[in-house]
Amino acid sequence: MAHHDFAPTTYHNTFGSHAPVLEVDPGDTIATTTVDARGFDRHDAARAGRPNPQTGPFAVRGAEPGDTLVLLLHEARPNRARGWTTARLAPNVLDFGYEAGFAREIELASWAVDVSAGTVTLESPVNRLTGQPLPLAPMLGTVGVAPDIGEAISTMTSGPHGGNMDYNRIAPGVRVEFPVFTQGALFFLGDGHALQGDGEIDGTGVEISMDVRFTLDLIEGRTIDWPRAEDDTFLMTCGNARPLDQAVQHATTAMVRWLEDGYGLTTREAHMLLGRVVEYDLGNMYDPAYTMVCKVRKSVLAELGFAG
Amino acid sequence: MAHHDFAPTTYHNTFGSHAPVLEVDPGDTIATTTVDARGFDRHDAARAGRPNPQTGPFAVRGAEPGDTLVLLLHEARPNRARGWTTARLAPNVLDFGYEAGFAREIELASWAVDVSAGTVTLESPVNRLTGQPLPLAPMLGTVGVAPDIGEAISTMTSGPHGGNMDYNRIAPGVRVEFPVFTQGALFFLGDGHALQGDGEIDGTGVEISMDVRFTLDLIEGRTIDWPRAEDDTFLMTCGNARPLDQAVQHATTAMVRWLEDGYGLTTREAHMLLGRVVEYDLGNMYDPAYTMVCKVRKSVLAELGFAG
Amino acid sequence: MAHHDFAPTTYHNTFGSHAPVLEVDPGDTIATTTVDARGFDRHDAARAGRPNPQTGPFAVRGAEPGDTLVLLLHEARPNRARGWTTARLAPNVLDFGYEAGFAREIELASWAVDVSAGTVTLESPVNRLTGQPLPLAPMLGTVGVAPDIGEAISTMTSGPHGGNMDYNRIAPGVRVEFPVFTQGALFFLGDGHALQGDGEIDGTGVEISMDVRFTLDLIEGRTIDWPRAEDDTFLMTCGNARPLDQAVQHATTAMVRWLEDGYGLTTREAHMLLGRVVEYDLGNMYDPAYTMVCKVRKSVLAELGFAG
Amino acid sequence: MAHHDFAPTTYHNTFGSHAPVLEVDPGDTIATTTVDARGFDRHDAARAGRPNPQTGPFAVRGAEPGDTLVLLLHEARPNRARGWTTARLAPNVLDFGYEAGFAREIELASWAVDVSAGTVTLESPVNRLTGQPLPLAPMLGTVGVAPDIGEAISTMTSGPHGGNMDYNRIAPGVRVEFPVFTQGALFFLGDGHALQGDGEIDGTGVEISMDVRFTLDLIEGRTIDWPRAEDDTFLMTCGNARPLDQAVQHATTAMVRWLEDGYGLTTREAHMLLGRVVEYDLGNMYDPAYTMVCKVRKSVLAELGFAG
């Protein structure tokens, strides 16, 4: 259960079987940093190129294909005072033929991020949102592992390996499980957001560099199909695909399986319970693969006497 | 601001320009009943045929195309002790080729509904959910008006006129606005659910007959494109379409317009605010048109100084 | 087997259970006219309003729900010298964020239609297409019957009842079968196009009024789910839905069933044959429901010894 | 313009920046072989693992990112006497809840392939298709180049780099252009099919090993976004994505651009011409990315005086 401080010097634009930057034991904790989606660090210095440069990969000793990697995200804290977003919603989320009526050229907005005050405040462009603090809610847009069969997948998109899910509950306190496809699992992280609405519908989340602290652990011999997450309130399964319909199909099927293999429900019980209590989040509707999240409240399972 | 007690004797399977069963003034309140999705009433007597037989239509004096109808839903209370659901998730929400491994024939589950205790409890089939109370959360699966150009649209589906949205926040305390397409607006309601998860992913919501009390009001000369709803916490716009992507597009576009025409934001402000704070619900992913709901917390608007 | 000449005076904007304008016996032939998509007749006189005003409905004596209506389309001939289109592709068929770079305002193009020469020639706007004849290929954008449970469905869209499928093989020589949902079947037709590409991707098809001649016939006691068509070359099943994926699903399933119930293939034979020889057309990707068509060459079935 | 005979000994399951097996000059011709989708060669000997093992990559001297690679496919000829398919349609192309009513276990069908007779004939399972020759129509399911930013993408799917498009017009006589993303372009090919219907709707195309002969050429300094193909009859642009709607959007946008940059049409002319004459093919609706193809007849362009 060692602690590692790791200062990255290289970054990756794909989730793939890259040489690990650090090898750790299951249960070890790592403190490191991430650059923002365009590769700028805490000093606003360019450190890497687009898209979404990743810190890592971190190898976990003993991880083999068919195992499950566990991420405990302790901290994801902006480490500079300013982040950026686009200033318009993506056409993906608006009616065909919608015309915003404002200048189309991409124009980045600038936001002041104050970690101690817990606020994110628009600086420019100037309008009636400017200067009004919104609550800080840091998250990581990308967390994932090396994919199967030697694939190297762009950090712009996501899949069964995780990746650029841009889901705003991947935040401090979350526990995420990933399928292991390669020796060492090879965990990557990046694309910190200081504040992002559901769906990342403007394509950004107040993009910012971060100090991150997390533990990696291993469940040997237990295989999952898609990333699963858990916080104090919810079990969450992520489906990454287009259209949203297919993302729901992956996430719901994964939740049925989790209730079966993790909580001991029969298939019939899992179906009937989900029909009554399921919830969904729209993770992102911007990236090449969209993300839908299927959720069940842990309190519901506890009250029914189902234990994980 | 009269109060009307109305006992229905006829029911409709389409939202259309049917003869009104009652004409009321804007601001009047109506107490009536609804039968369940298969047409059974409080005595479990068959009163109407499938699909989703509707009580109404109620005409509002003075309502003209281009106006907005307002529904204030005060009460939707199950009026019998037993509801039903399917006992399996719909293929719509599961992976292609998913096999449940239990008998495929449709088998209805039976649930005890206890309004005073606030519980919904599985009676049959018998499994580990049986006998364990879940919290009652009554809602109306269908609320809507007569559509445009003389259309008569099945109560199985939904559209700009509302209809079978199966969205679980259409519950007591909600205020819903509908576009008016015909003289009198012609409001219908039905398809009560005692407890439904997000997405109505098993196609049902503990289907039950209800006692309902609501007020109808009118906003003359103000035109909207899609149903808008509001409760203590959220502004909500409903988009009804397939795939879910298109439902999101309708709902998000409608929310941009609401922030503009209702709260005075510029288009740029509306885009930038939604990117930071938007939330979404999956209304249903079962009916011929799926429903996605775009939400904004009213507290966020209030803190920013935007008033409706 | 009477012949009827029918001069329409009323038009409908929904497929619904409207009073029939003429009642005919199975096997009777009708010669009539259609107005264009905006309601203009052979003299360019406005006769009806949008959308897609329909001639009819024509009732067939003896048609009952569960029967199949047969349309034999003998002739669909433009009856004036000029049709119109839009002058730009719909955003539906172009990448998110695509910008054409030409003026956005809708601007109708004008086309000279010469039936005796068999040509369609752009008149305006003036560009290098202007004055260059393209081959005339007349078709009917809308053919359909009254839908089920008393629905009245806009002539902008389509469904199991047919409707606005905008499929360019609904042309002289085609035989189309429709499910019968109401007494008399109630057949409607309209929305003539002089020349339309696959998918109606600019939303139009050189819109023009027409002289039409067709026979209506009846297959009693044989029930189909979706419109089926047949010409000299192909069996064709139409699926109408969004997204295109779902339209393919309806059309393919309907073709499996046609091979089973019409040509005596087992389910396994139908699956295995389609895997080898199926073809698809994109009917439309513009209307509220998109249309995909599943096709099998009749020569393939004949060579294999399967007879309909 | 050398000729190379190349006997592969290694195969790849990803399109990626693998070491080239052969480097050729622009204009050179290569004769080689491909194994079938499960890695079996002409002797039915296992040579590689799934999915879709690829022959290559072949590097073209001088190819740089931003260039266009040209494939002239001269020959793709089955080199053994037997191929295989599944024996059922994929759930992707059938209605939700469709039940085939035959045994669900995957069971491979066996087909005799006779190149000299030009036939493909079912051997087993035995039904009324067995022993009846269908016309041979060889094609390559996968053709593509190494993708951008160092991605390595599974040979099960497709994208802007080409890949597993499973489009049945990628057949002898076709000319295909690919974007070049890496030095040398790195061309791969495989997944031969003796006969495949549109859409690869049973997931297979009479899978077989092949002798292949092709020329690789280079267009320096001309950049394209998606694979473009051309045969005697058609210009074809491929869009690879889900749902089919998005694949159409990519393909149509790419065709507009081809008419502009390759044939000199203005944007307005390209839009107006496509609205009248466009055709579409369903490439595949089985792989992780679906493929739609936008087509224009070359004779139409020639008659209008537009030359490529």
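Observations
Note that the chains are named A, B, C and D in the order they appear, and that numbering of residues resets to 1 at the start of each chain.
Methods note: a contact is a pair of C-beta atoms (placed from the backbone, for glycine too) under 8 Å apart; a residue touches a chain by one contact, two chains touch by 3 or more.
Just so we're clear, the structure is a prediction, and the values are computed from it rather than from any experiment.
Of all chains, the one whose Cα centroid sits at the greatest distance from that of chain A is C.
Of the two chain pairs considered here, B-D and A-D, the higher C-beta contact count falls to A-D.
With each centre defined as the average position of its C-alpha atoms, the distance from chain C to chain D rounds to 33 Å. Chain B and chain D have CA centres that are 47 Å apart. In this assembly, the C-alpha centroid of chain A lies 34 Å from the C-alpha centroid of chain D. Residue positions 92, 96, 242-243 of chain A are each in touch with at least two other chains.
Residues 90-92, 96-97, 99, 104, 243 of chain A touch chain C in their complex. For chain D in complex with chain A, the touching residues are 13-14, 16, 51, 149-154, 241-243, 246. Chain A makes touch with chain B in their complex at residues 85-89, 92-96, 98, 100-102, 109, 120, 122, 125, 127-129, 132, 134, 195-199, 201-202, 204, 206, 242-245, 248-250, 252-253, 256, 265-269, 271-282, 285, 290, 292, 300, 303-306.
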